[in-house]
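Shown below is the structure under consideration.
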Amino acid sequence: MPAAADLRMLGPEMLVAGTALLVLVWATFLPPQRQHLLRWISAAALAAALAVVLRLGTGAASAFSGMYARDGLTVVLQSAALLGALLALALAGAYVERSHLDAGEFYALLLAAALGAMVMAGSRDLIMVFLGLETLSIPLYVLAAFARTDLRSQEAGMKYFLLGAFSTTFFLYGIALIYGVTGSTALARLAGSPGGPMLRAGVGLLLVGLAFKAALVPFHAWSPDVYEGAPLPVTAYMSVIAKIGAFAALLRIFPGTLTALAGEWRGILAVLSILTMVLGNLAALRQTSLKRLLAYSSIAHAGFILIGVAAGSGRGAWAVAFYLLGYTFMTLGAFAVALRVTRGGEEADAIADLTGLASRSPALAAAMAVFMVSLAGLPPTVGFVGKLYVFTAALEAGQNALAIVGVLASVVSAYYYLRVAYTMFTGEPAAGIAFAGDRWLGGALLAAAVGVLVLGVFPSPLTVFVQQVAQALR
Amino acid sequence: MNLALIVALPLAGWLLNALGAGRLSRRAAGLIGVGSVGLAFAASLAAVQRPEVASGWRVVLWEWIAAGDFRLSFGLLLDRLSAVMVLVVTGVGFLIHVYSAGYMGGDPAYSRYFAYLNLFIASMLVLVLGDTLLALFVGWELVGLCSYLLIGFWFDRPSAAAAGRKAFVVNRIGDAAFLLGMIFLALSAGTLEFSRLAEAAGTLAPAALTVITLLLFAGATGKSAQLPLYTWLPDAMEGPTPVSALIHAATMVTAGVYMIARLHPLFTEAALTPTVVAVVGAATALFAATIALVQWDLKRVLAYSTISQLGYMFLAMGVLAMPAGMFHLTTHAFFKALLFLAAGSVMHAMGGVIDMRRLGGLARPLRWTTWGFLIGALALAGVPPLAGFFSKDLILERSFEAARGGPLLAVWLLGLLTAFVTAVYITRAAVLTFGSGESHGHPHEAPPLMRWPIAVLAVLSVAGGALGAYAAGRPLLVSLEGFFELEAHEPAAAPALWLRLITPAAGLLGIAVGYALYRGRRAPRLGWLGTVFEQHWGLAPLYDRVIVGGAKRIGQDLADVIELRVIDGAVNGLAAAVAAAGGAARRLQTGYVRTYAAVLLAGTVLLLGYWLLR
Amino acid sequence: MSGAAEVILFGAAALGALAGGVGIIASRAPVRSALSLLLVLACLAVLYLLLAAQFIAVLQVIIYAGAIVVLFVFVIMLLHARSGEASPTKLPHQRPAGLVLAAAFLALLAAVVALPGGPAAAPVGQEFGTAQAVGRMLFTTYVLPFELASMVLIVGIVAAVVLGRGPR
Amino acid sequence: MTVPAVWYLALSAVLFTMGAAGVLVRRNALVVFMSIELMLNAVNLSFVAFARQAGALEGQVTVFFVMVIAAVEVVVGLAIIIAIFRSRETVDIDNVDLLRG
Amino acid sequence: MRAFPLLSILIFLPLAGAVVVALLDRRREAAVRWTALAGALLALAAALVVFWRFAPGTAALQLEEHTLWIPAAGIGYHLGVDGISLPLVLLTAVIMPLALLSSWSAVGDRIKEFSVAMLALETALLGTFLSLDLVLFYVFWDAVLIPMYFIIGVWGGPRRAYAAFKFILYTAAGSALMLVAIIVLFLSSGAAGARTFDWAVLADSPVAMPLQAWLFGAFALAFAIKVPVFPLHTWLPDAHTEAPTPGSVVLAAVLLKMGTYGFLRFLLPLFPEATVRFAPLMAGLAVAGILYGGIVSWAQRDMKRLVAMSSVSHLGFVTLGAFALTVEGLQGSLLQMVNHGISTGGLFLLVGVLYDRTHSRLMADYGGVAALMPRFAAVSLIVVLSSMALPGTNGFVGEFLVLLGAFRAAPVYAVLAAGGVILSAVYLLWMVQQVFHGPVAVVQRAKVVELSARELVLFVPLIALIFWIGLFPGTLLSRSEASIQALVERVQRVQVEVRR
């Protein structure tokens, strides 16, 4: 039976899971006009979980028979997941209520996905990783299709689901092969394994599954379509939470476990990273839909983040964590702006809908400009610092090509990000554009903008915080 | 600080007139303009009396440029050489200012005119008084600027604006060479101070010295309108006539001569350069004189004449007869200024007409002017005992001596031939302008403000020869020979009589020929020879079409083809390629789940295949 | 069980599974695919028994054959699902490409899995693979994933509820 | 255990590949989904075979979890397919192509 | 005891001004404009205090501030001023108020945003010149791009989008590899834990040669694009032509100097051997740029394009001086940076004055302006002469020293570069003639009115500086002497070793 200490260690996870159930049940008893209470509860739970995560800190490298850990990696990436979920929740509320989506289920699924990402961060066993992955993915499939009468949302849900299930089988096959070699699903056993073709194949198949979640080229194809079709707040949430979960697992498995094989997988990850950066940025160049642009943007950023994993070092790992946190702020910020702007009551999806935004709402346009600049990796924003860290890691590891492709890809990305900014500051606003959203959205927007700037100018505390990740890998 | 005062006075005049433009009354502007130069002349007169001048009176004003080993102060130097120039500049300058006060009387931009003119005097004084080659260069470029401004004074006339620009640009070509020569000199001699160059000259490598002096001389060909950079000077006649007199005859254009005199330690030491200078000078002298033969614009005749006479001066410098060159510089300043002022007087009388085909018979209505012009013309033709005779004679004499029967004798022959041609063209000009025929309109003589300077210059043109005449004790030459550290040319070494007579003979012959040819307003075209002269011996089409046209075409091609298509085309092409790749990347996203699944499986196969088979 | 019987049983079940697999992907009518799936599942249950996994074999029959396939058949009936593949395909290269990729993938897998010299099967006791043995592990070592799996099940319920609701 | 584990594994690989081919080749969403189930079962076979080979029960426990997840996926997947069928009257996944580029 | 953070205050004063402006009501245009101007003037005052506190005669860094910024990543906050950065700081502080003042007529909409962008730009520029930690430097360096991008893209001419994107992508592409090189420097600066991005430390022990050459290349590319060195210059004419007047002014006067400053601050001290090795290449490109820029300027019809191309030529002199690797050349280079800022900044202001009146930049649309605007014509002439490096103006001293230094390094450079001396007269006087001379040919004659008092104020400081530096360059030269001397000694030491 699990020890009491083990259970205490699960505080944040239980808090989130319990709240998901509570929200689900309570929603059926709440009259429609009081559904916003659910939001408060969910937010409170996420915030509390975040507090508990920080409070608990590290100190349990192994629990539940070595299945789970609360080490630096867990703490940092769970914080990222909770932060992302919290911000996404703030973004979603007004949209959910406005679009008459089922609030209880929506929040419950959102919390469940967060739980999945958290579990992926803490798992030290491939079965746990698998279950975490599914806990993360299945809610996202459902959320993508959440606007169930909307053709595009349905399509998004179906594409995501079918391809997700397809990729999951590869992931599982990978676990099976590893199990066949090591006789166990524990990462600890994997670390000590001698290698061999079956192990390589197993790890390769694991990588396929995780790369799919993280939307790395060539396993990315689902993401632009799903991002575009899913309801906007879902897209926002998906773009961060899936990445956090996937990269948590990648860190855990590759630099965290397979150190002996580093010479082999670093090159492969580097190739994936280069493909992802190049294709993601190129395909984003000529997009007209903001959601689709951000989809490709998120693909491209996955490539940048992967640089840190491919470095295979402690520095790379904490750079990944830093980048993910920064990415959470800037991407959710950009989505928050997109949620703010509506066209005839619907999502204003076209980039052209932002034309002249600055004259309608200078603050909103300024915030969007900040996010775009940060996504482009220009200082003084968190996006720059994140890139600085991953490039440093790559160069330290001798992955020069990665760093060079990375910086050049950043330049290409500047084009499409700044095109958005340019659009906002020129021309006359289009007709039918209105602003939506509530204080939560405004608050999230402000938090994201402040986060992007403050972390860009004073990245030091966060840097120290994420460096725990490196300690966990050692 | 008396010395700085000479420069400061016209500078102050410039500032007052420039800042006060539009607010000063016409009278005040004129008074400031003329007065400042008059005072400068007075100050100069006082300064040259000072005993320090004999050994060089130097005033260092401030440390100017200091970088690394290169340290240079800005200062003024008055010695026997610059004394001559200072007096010429301020003296002739003053006369022309006075004349201008009358000549420009009706011009609305009176203040601006005097501002420019004062600035010119100040700049010319910097050129002359500068104690380093760099300071000389400052003046050198500034007088070029003033020349540009004054040629284009009536900027609303496109021809004037273009002429000003041409003057500046052509000068810049020479200046660039000058600059390089100066830099080379600074680096090899370690100094640009005149006082230290003399000793440094001996230490320079002969090749370096030759290159340096040739570069500096290239600068001089620009400023002094010698071959091949002479083209700007005729066009410069677009400016007001007093400007032509002052800048484009008496002072600025002689700066090249002065520069060589100033750097005589270098030029005398250099191996090849003096010969080049002499040949270029002689060639220019004849070349320009022949062109003057076929001009119809009176001022252009005088312009080519100036080029030709400057050629004489370079000839003198080239044969190292520097005192003679400076002497001719001085007398030329007198008589050429006189000729120009007289020409200006004609224009004034005729309402701006200067084409000799529309002039004639002005001797009667314009009595002062005619006398002035005639005196100037005779002086130019080298008729004794006018000033021009002494100086020109001296130059030819010295060049004959320097040739010592060698090939340089050709230089002397060219000079002699030029003397003849000179007399012909100036006679032609005098005859066509003042001689036979009816005067058109109702010409009236100039006001006293213009007449008096003509008179003074006429006197100087007549008596100026005394500065170098044996009979008068040759005060100028003695002073300069001392300066150049040459042994005095005693009459003991008096040249052969035929040599002394042949120059005036050539002049007189020229006058006779000229009179015979152009008397009665016949205007022979000189046949094919005339065409050659009109075409500048073939240089005009070369310059206009090949060089200027070619450069412009190259510029246009570079700007339109290389810049836009090649260099920028590469950049835009790269951007277009990236954008096209972006489009291709988009097309990969077909929208079909099965494609995506296939891509996923393909990725898996590749990944596993790579990992397992590598 | 004798060795020969085991081999025969394996052969039969394997062939059945392969036939079922082909049936799934080659049948024109979806119902046939569903029935082929049922065949595969049943054959696998037999193989599980051969591999000393009684509990799993039972689960296989109950969950997969009993619940999942029924669900599939039910949906097929509900949607009167035509094969949906009558119209000409928009992706003419998909089939050959798919087969080539699959073949390549199989080749790779074969190279990995079919390597000779894997460890010989360890001897296992009677307890191995029984419900008790598996259940004990589930509630001790694997209690955390077990609890998490329940969370996933709840998500599944929610999904069915949310997506199954008709248009408002 | 007379039949070597390798045979089971090979069978598993073949079944897995068949499922993958089915996903790529078939257009009926339900059949595609069944192909995925086939792949999951193939993986399960591998797990059980490895478990037997190693004499360790973890493999069987894992299969238990896979089955749970498979069940959930079936629920979610069928719900989505039904939703799509309701509005589009088709289960041909090639007709679900609004989103592209 | 922590010293008074004078440099930090200088850098962030404009940003503080930007914040204040951002808080103002956008409808109070006058308040916005005056506040922005006040911010820039305060920065100027601070810069003057720096100038006054600056001790000449030493190569040491002064008024240093050195604290940790991101200690966990080895990144410091290190500021300092020496003889090389001092003139550029002053230039920035002088030009910014003028640019803001010129915006009063050149920019009519979104004034608040414009002012904020300009002030933010000033902070980034000052930071670039004063940073001595490579990451800090890079942050400021890249941060410059953003406000400038908006200034061109939002307030620019008809092809502003094209120009803005070209500007930012071209220059960002250049600096991208510099970031990689900065990181490599960091990584090779010592064992893990002892690594640093600090300029002073890195300059003390340059990395070994094959690597040094690569890093040199990365830095040089970034700087060369910014300068811009031929043939990497084509972003410049477009950016200049489309930018609003104040944008062009700052772009020409200050932004381009970031590149040439980078030569002096980073290329030479950090990569001395590579510098020596590649100096002929850089000098050759500089000379090519001098001539090419001059010739192409001549063929332009658009005044702004002409001035922009002339910058290519002028900055060729700056580059040439830098890679002459002699004290004279470097002093001239540094001085010429300031000079170009004054004269070309002035030229853009002049074009702006005309553009405000007629909304045309084509020379063909003008003619005879001198008759309509005599005072303006006089001012223009002075600026043009300064740009032509007429003796007595600032330009001459710089150009002379550059040529002197280049001649010392290799006479052929100086000989070819002297062609630029001629060309500058050709194209500038061509412009003067087309615009100012000839009969009055402007279409909207009534609009071409004489300079207003405000406009005159723009030029007074520039003209004063033109003559002051022309006559008393020692004011600047004496302050940079020690730093340049030290720099040259360092490079020459290597030069001797390489020769051996």
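Going by the order they are written in, the chains are A, B, C, D and E; count residues from 1 in each one.
Definition applied: contacts are C-beta pairs under 8 Å (C-beta built on N, C-alpha and C of every residue); 3 or more make two chains touch, one makes a residue touch a chain.
For clarity, every value in this text was computed on a predicted model and none was experimentally measured.
Each chain's centre was taken as the mean of its CA atoms, and the one lying most distant from subunit C is B. When chain centres are taken as C-alpha averages, the shortest distance to the whole-protein C-alpha average belongs to E. Of all chain pairs, the one linked by the largest number of contacting C-beta pairs is C-D.
In whole angstrom, the spacing between the mean C-alpha positions of subunit B and subunit C is 102. With centres taken as mean Cα positions, subunit D sits 96 Å from subunit B.
Separating the centre of subunit C from that of subunit D, both taken as means of CA atoms, is a distance of 6 Å.
Look at where the CA atoms of subunit D average out and do the same for subunit E: the two points lie 64 Å apart. Looking at subunit B, one finds that residues 586, 589, 591-595, 597-598, 601-602, 604, 608, 612 touch two or more other chains. For subunit A, the set of residues touching two or more other chains reads 127, 131, 134, 138, 141-142, 145, 148-149, 157-159, 162, 166, 177, 180, 197, 200-201, 224-225, 287. Along subunit E, residues 169 each make contact with two or more other chains.
If you check each pair of chains against the touch rule, the ones that pass are A-B, A-C, A-D, A-E, B-C, B-D, B-E, C-D.
Partner subunit B is touched in their complex by these residues of subunit C: 90-91, 94, 97-98, 101-102, 104-105, 108, 111-112.
Subunit B meets subunit E in the complex at residues 18, 21-22, 62-70, 74, 112, 134, 137-138, 140-142, 145, 148, 152, 155-158, 160-162, 164-165, 168-169, 172-173, 175-177, 179-180, 183-184, 186-187, 551-552, 554-556, 558-560, 563, 567-568, 571, 575. The touching residues of subunit E, counted against subunit A in their complex, run 26, 68-73, 110, 112-113, 135, 138-140, 142-143, 145-146, 149-150, 153-154, 160-161, 164-165, 168-169, 172-173, 176-177, 179-180, 183-184, 186-187. Interface residues of subunit B facing subunit A in the complex, by the touch rule stated above, are 578-579, 581-586, 588-589, 591, 593, 595-597, 599-600, 602-604, 606-608, 610-612.
Contact residues on subunit B toward subunit D in their complex (touch as defined above): 586-587, 589-594, 597-598, 601.
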